[in-house]
Amino acid sequence: MEGILNQLPIGLSIGAVLLLIALGLTFTFGQMGVINMAHGEFIMAGAYTAYLLQDFADRNAVLVALPVAFLVAGLMGLILERTAIRHFYGRPLDTLLLTWGVSLVLQQVARDLFGAPNVQVLSPTWLQGSLGPMPYNRLFILLLAVGSVVAIWVYMNRSAQGRRMQAVMQNRQLAATSGINTGRVDQRTFFIGSGLAGIAGVALTLIGPVGPTLGTYYIVDAFLVVVAGGLGQLRGAVIAALALGLLNSYAEFWTNASLAKVIVFAVIIAFLQFRPQGLFVLRSRALT
Amino acid sequence: GGEPTESTTGGGAAAGGDTIKVGLLHSLSGTMAISEVTVRDAELLAIEEINAAGGVLGKKLEPVVEDGASDWPTFAEKANKLISQDKVATVFGGWTSASRKAMLPVFERHKALLWYPVQYEGLESSPYIFYTGATTNQQIIPGLDYLKEQGKTKIFLVGSDYVFPRTANKIIKAYAAANGMTVLGEEYTPLGHTEYSTLTNKVVQAKPDAVFNTLNGDSNVAFFKQLKSAGVTAESMPVLSVSVAEEEVTGIGVDNIVGHPVAWNYYQTTENAANTKFVAAFKAKYGDAKVTSDPMEAGYNAVYLWAEAVKKAGTTEVEAVKKASGGIALERPEGLVTIDGETQHMYKTARIGIIQPDGLIKEVWNSGEPIKPDPYLKSYPWAGSLAS
Amino acid sequence: MLSVDDLEAGYGRARVLFGVGLAVEPGQLVCVMGRNGVGKTTLLNTIMGVIPATGGTVTFEGHDVTKMKPHERVKLGMGYVPQGHETFPQLSVLGNLLVTLEASGNPQSALDEALDVFPRLKPLLKRRAGFLSGGQQQQLAIARALVTKPKLLILDEPTEGIQPSIIIEIEEAIETLHASGIAVLLVEQYLDLAMRLADRYLILDGGHVVHAGTAADLQGEEARKLLAV
Amino acid sequence: MTATLEKPPVTEAPVKEPRDWRGPALFALVAVIGLVVMPLVLEPFRLGLLAKYLTYAIVALGIGLAWGQGGMLTLGQGVFFGLGGYAMGMHLKLNDAGDGLPDFMVWSGVETLPALWEPFRNPVFAIAMVVVVPGAVAWLLGTLVFRQRVRGAYFAILTQALAAAMVILLVGQQGLTGGTNGLTNFFEFFGQDVAADSTQRGLYFTVAIVLGILFIAAWQLQRSRFGRLLLAVRDGEDRVRFLGYNPATVKTITFTLSAVMAGIAGALFVPVVGIISPALLGVVPSLELVVAVAVGGRFALAGAVLGAVLMGYAKTYFSEELPDAWLYLQGALFILVIGLAPKGIIGFLRRKDVAA
Amino acid sequence: MTALLEVRDVSVVFDGFRALDGVNFTVDHGELRFLIGPNGAGKTTLIDIITGLTKPTTGTVSFDGSVINGKREHQRVRLGIGRTFQTSVVFEELTVLENLDLAASFRRPLVSLLARRKGVTEKVAQALETTQLTDLAGRKAGVLSHGQRQWLEIGMLIAQGPRLLLLDEPVAGMSADERARTGELLTEIAKDHTVIVIEHDMDFLRRYASTVTVLHEGKLLIEGSVDEVRADPRVQEVYLGRAREEAAHDVVS
């Protein structure tokens, strides 16, 4: 019984991890339509940022790393956007292939820079311990996810930048002839989306391995969350992440880790039968 | 040697010119690179040392490195390439059992030699493979003996979902049944799995005395980090691992794993002259921060053992090397290693160690003498049904 | 204020405009006419920088804008209503207007003025633009251009799909703008409307300017023949 | 009321369109190179690799059809490849095992042959399953998702999830599937020693001919009305409904065809390479094939085939020459080709062709 | 003989907004019916309901005597209902000819589609000629201008050969002579087909319409002859407005 009850906060915390890794994609994928397979490697970059900062910040590296990783991953994203992706707007499926190439290269770069083995990132002492069945570091991730969601929501719905971002995504040519500097908006959007991956990377150092292939472990799940939630739909991503977290938690509790994954996939396929465009859909009258 | 081979299937006499080519086939990319790259490094060190000492049969060894890319069919392809294109005299390679199983038919078909350096699940004895890592009676069974001795009779099994952990756990269950231990649970996670909160909850709820851990690769990092934050310590519930060596400890974070036991045949701290030399040479070549570990040492040994057999045979020709190998005994960093000609496995000393705050492993128990390899566990009555 | 000289443009290897020249003086209303597919939209798109010019120049208020990005041209005071009721479909009607207002840096009053021209948009402000009817979208499209307070307003068939009474209102609005000194470049298929509004007109055919003159000339036999009225 | 507009289609007056012989000529040239030159100049090991690339080319052909022509980006094509491969692998394993159990079952503790395996003893059944199983799975999935108008990125991510799930499922059922190891260590292929050079040579010809036949079939399909319809569905699925066609049917048929091709490729892959394992049908190999198609040029079937062979070769070449850094090269190659030639190599060549 | 199309009590609610509100609408065999009304009145929505693009919240649609509510879009086309779109949608990667050919081929069994198109069927040839797109037949539809696309849409509808044709603002953006040509064409088709046309061009209406239905705020406002409708003060109020040139026009005509 206690086990079953424990699964509830566990499910929430799995959901929080899923949400955190997927949030950046609501920008790059949801808003810009770029299927960025290098998202996982931006997460990795965030994690290595925390690793490097240990020299200066010791055990508090995780905290210090949050803004730094945002910048580092964001800049990487910006460079990617400027050099490559901007030639592919409106062709999401091409960006998938392009960024996959980038992800391979980045993995190899990490391997050359930091070595193939995992590195150690010590978690802050004040994150040791737990609140009931919820470890402090999981709680930290949960709070981080909540904080990010609020910040993103405000940005997307309450700021001029957010509106501009949506306008560019929905009608690039019209945005340009309406006086919007679409290039700048693209850069900013991609910067933020990639930066969020960096933040997720820092958080993941608390619970998982830090190595060159780190990103590959999360990328499929991250896309599933975004798809199940509905492209670019923040509330969709939140609900989908939590639902998948809980589903995963209980499915694994009653079966095993492998079957739980299969069950999650099966449920998503079944779910898309009822909601082919995810939880929340931006409908329009236009034919496709 | 020295005669160019006339048959492509010989593989043995590939010693045209002044060098003898040997293949090194490990994953240099993909998930397994984390572990395998260092084994390759250790093998390169051995080759360098042997060459510095004059080589084999008067010829220098020339390594041909290929990437198995953590992908079993690629291992098979590259093995094929090393044998039929490069005509290497032998191959040192593999880590996961899956990669070995994929390469096995290639070596058997070409009658070429593979030296496999990692502990594994046993129940195999290919005439064209030399196994320089432990088989189950040299690692897993000693590990269980140790737990039993410590009074840990209720155990929980956690492993990656593939052949080594599954087979190992079958053996463990048979052992437990025969030795009055109870297995409270058995859980597998896919390779590369990183979410262990649910599994941790299950383990904690089951209240075992100890956990027997056959997770491989990155999963160990996530598992130990998350176990630690769930409040599990080495005192309250020791986790005995058979795939966590010095190399992995760094990535896991010493904090998270300190005090937990592991079972191997070699540690960086193992005391003998050969090891002092090995550790020093390795650090000199690859940097002071690097550690040595059991699979690296087994790979390092493999090169020396093969070279010894070639010297004894006076040729690199495969059948001759095989024949000459039986009984070869060398003082290695892990102690005396003897090739069992019958199974082509090694006599190895089992060692239980505890992870120290400095990230190294301190031996707390050993088998006293090298254990005869018994891949089919024929000498263990309780294992009767396993080897059928 | 706008001067287009010897403009050439096209799509890929297909050339559409051949040495088009036109001028819009301050406060003037110039109407471009011609049958379907002669290159009217292409001309406007090239003037706005949506399509790169392959030859010739576009000058606006003394600036050579030929190589400028569209948003830079908007900054200079060119406003554009493209053909085919274009909107930002997922933004609300208000969002559509706001995003343009913010990009232009104009005060809120610009938005209110635009809404006064199209009062029927007021009850729709909260609706998603993509769900509006065709005519409603077109009204929004024009309002959005007004929000940028352009010095030159470029309109591509603004009355397409709009109900008669609102066409009249749009006509009045254009007239008012025109009267207040704003220059207008208009593509329009309805001859009577064009005749009422235009100071000057030009007729395109096959990517060439085949006729140009004052509104009075439009009555001429040749012009009517070119338009096949 | 019989209206002029309702008359049934009248006979189609043949219009003399000048026939372009360059395509068929090129095809013949490639066929000669593939069937005559290559077997003569390549040593057995290299010929075997080429055979492997050609099996990938068969998958790529299917992807070219589904994605390039039909707009369905399938990131899970490895699943169908694997299903075909396992069907073949099961037969070979049983054939080798004779009355006993396949080796992996022995060490996995399986005591009697699972019922699922039994019928695969029969070679005809096994070969039928190579086509039927991938086809049926694709048909089922297609019917489910296309009817619900799941498309674009949703479909892509969904098929990727399918690949991930499939791998986990296969790995988890070690006793039934061989787990991560997959099925390997085959001895006999329909009475021949599978490893013998002559068998491998024969297999090469088989693969090449199958590829040729499937290519011609796909090419005909592409040029047919159905092919036009497929393009229309790709570019405007909703509009197609108002032309009286059900796009779900069109897509399901095409997706199924592409899955069948992948299944056939998988079945041929097994004797050529000697192994089928979950690693071959996961997310990464599936993506690699899609990338290969993109590199070759997804809008042309020849591009898909070219891309698969080229990428297969590049991977072998780079990894042999630079085992430590070949991923840099592979990644850079994708980036370059997709960046510089968005329509792939074929698209690039054609542009040159027209411009010249 | 029952009416060809019968829309009964149809209402549509989008997120609380009532786009159609209890509309009853009947069109007989062989009629040429014009549908007008203010922007946002629900005209396009009504056509969407008839063709299956939008599901009615309440009410039924019958075609040729049977209710077709549950039918999917392509099934309705197979029954003989064809339409064009207010914002034209054509297949940009296909040539003009192929666009038309696809429209004409939907009744062929699927297997017969596996054959290549050889030459041009009579129906397609006829559609090409009617729309004067013959010169552009081999061009990809993606290169067409706005107005040319509209013609192609009309051509596809003709090639499709439906019994009921629904045209959503076919002459918007067309030049004067093209409007005239479209008018002739509609009159011609209407001789043996049933046609419903949405239009805002009152000149066009005056010239070619007989019966006109006016929608306003989702409801049927009035139905009658062009003159009746034009004279109705409510129509003038919500739709026509008081055009300054109205008087002048009336004098001319």
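First chain written, first letter: the chains are A, B, C, D and E, and each begins at residue 1.
Here, contacts are C-beta pairs under 8 Å (C-beta built on N, C-alpha and C of every residue); 3 or more make two chains touch, one makes a residue touch a chain.
Remember, predicted model here, so these are calculated numbers, not experimental data.
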Would you mind telling me which chain pair, A-D or A-C, is linked by more contacting C-beta pairs?
A-D
Which chain's C-alpha centroid is most distant from that of chain D?
C
When the C-alpha atoms of chain B and chain D are each averaged to a single point, how far apart are the two points in Å?
37
Using mean CA coordinates as chain centres, what's the chain B-chain E distance in Å?
75
Measuring from the mean C-alpha position of chain C to the mean C-alpha position of chain D, what distance in angstrom results?
51
Roughly how far is chain D from chain E, centre to centre by C-alpha average, rounded to an integer in Å?
44
For chain E, write out the residues touching at least two other chains, lowest number first.
85, 87, 89
Chain C, residues touching no fewer than two other chains:
131
Counting only residues that touch at least 2 other chains, which ones in chain D make the list?
168, 171-172, 236, 238-239, 327
Of all residues in chain A, which touch chain C in the complex?
160, 163-164, 166-167, 170-171, 173-183, 282-286
In the complex, chain C touches chain E at residues 11, 14, 34-39, 41, 83-85, 120, 127, 131-136, 138-139, 157, 160-169, 189-192, 196, 227-229
List the residues on chain B that touch chain D in their complex, please.
28-29, 65-67, 69-73, 76-78, 80-81, 84-85, 96-98, 101-102, 104-106, 109, 121, 123-124, 161-163, 166-167, 170, 188, 190-191, 386, 388
Going by the contact rule set out above, which residues of chain D touch chain E in the complex?
1-10, 12-15, 220-221, 223-226, 228-229, 231-232, 234-236, 238-246, 249, 253
Please give the residue numbers of chain D that touch chain B in the complex, ascending.
43-45, 48-49, 52, 104, 106-109, 167-168, 171-172, 174, 179-182, 184-186, 195, 273-275, 277, 279-280, 316, 319-320, 323-324, 326-327
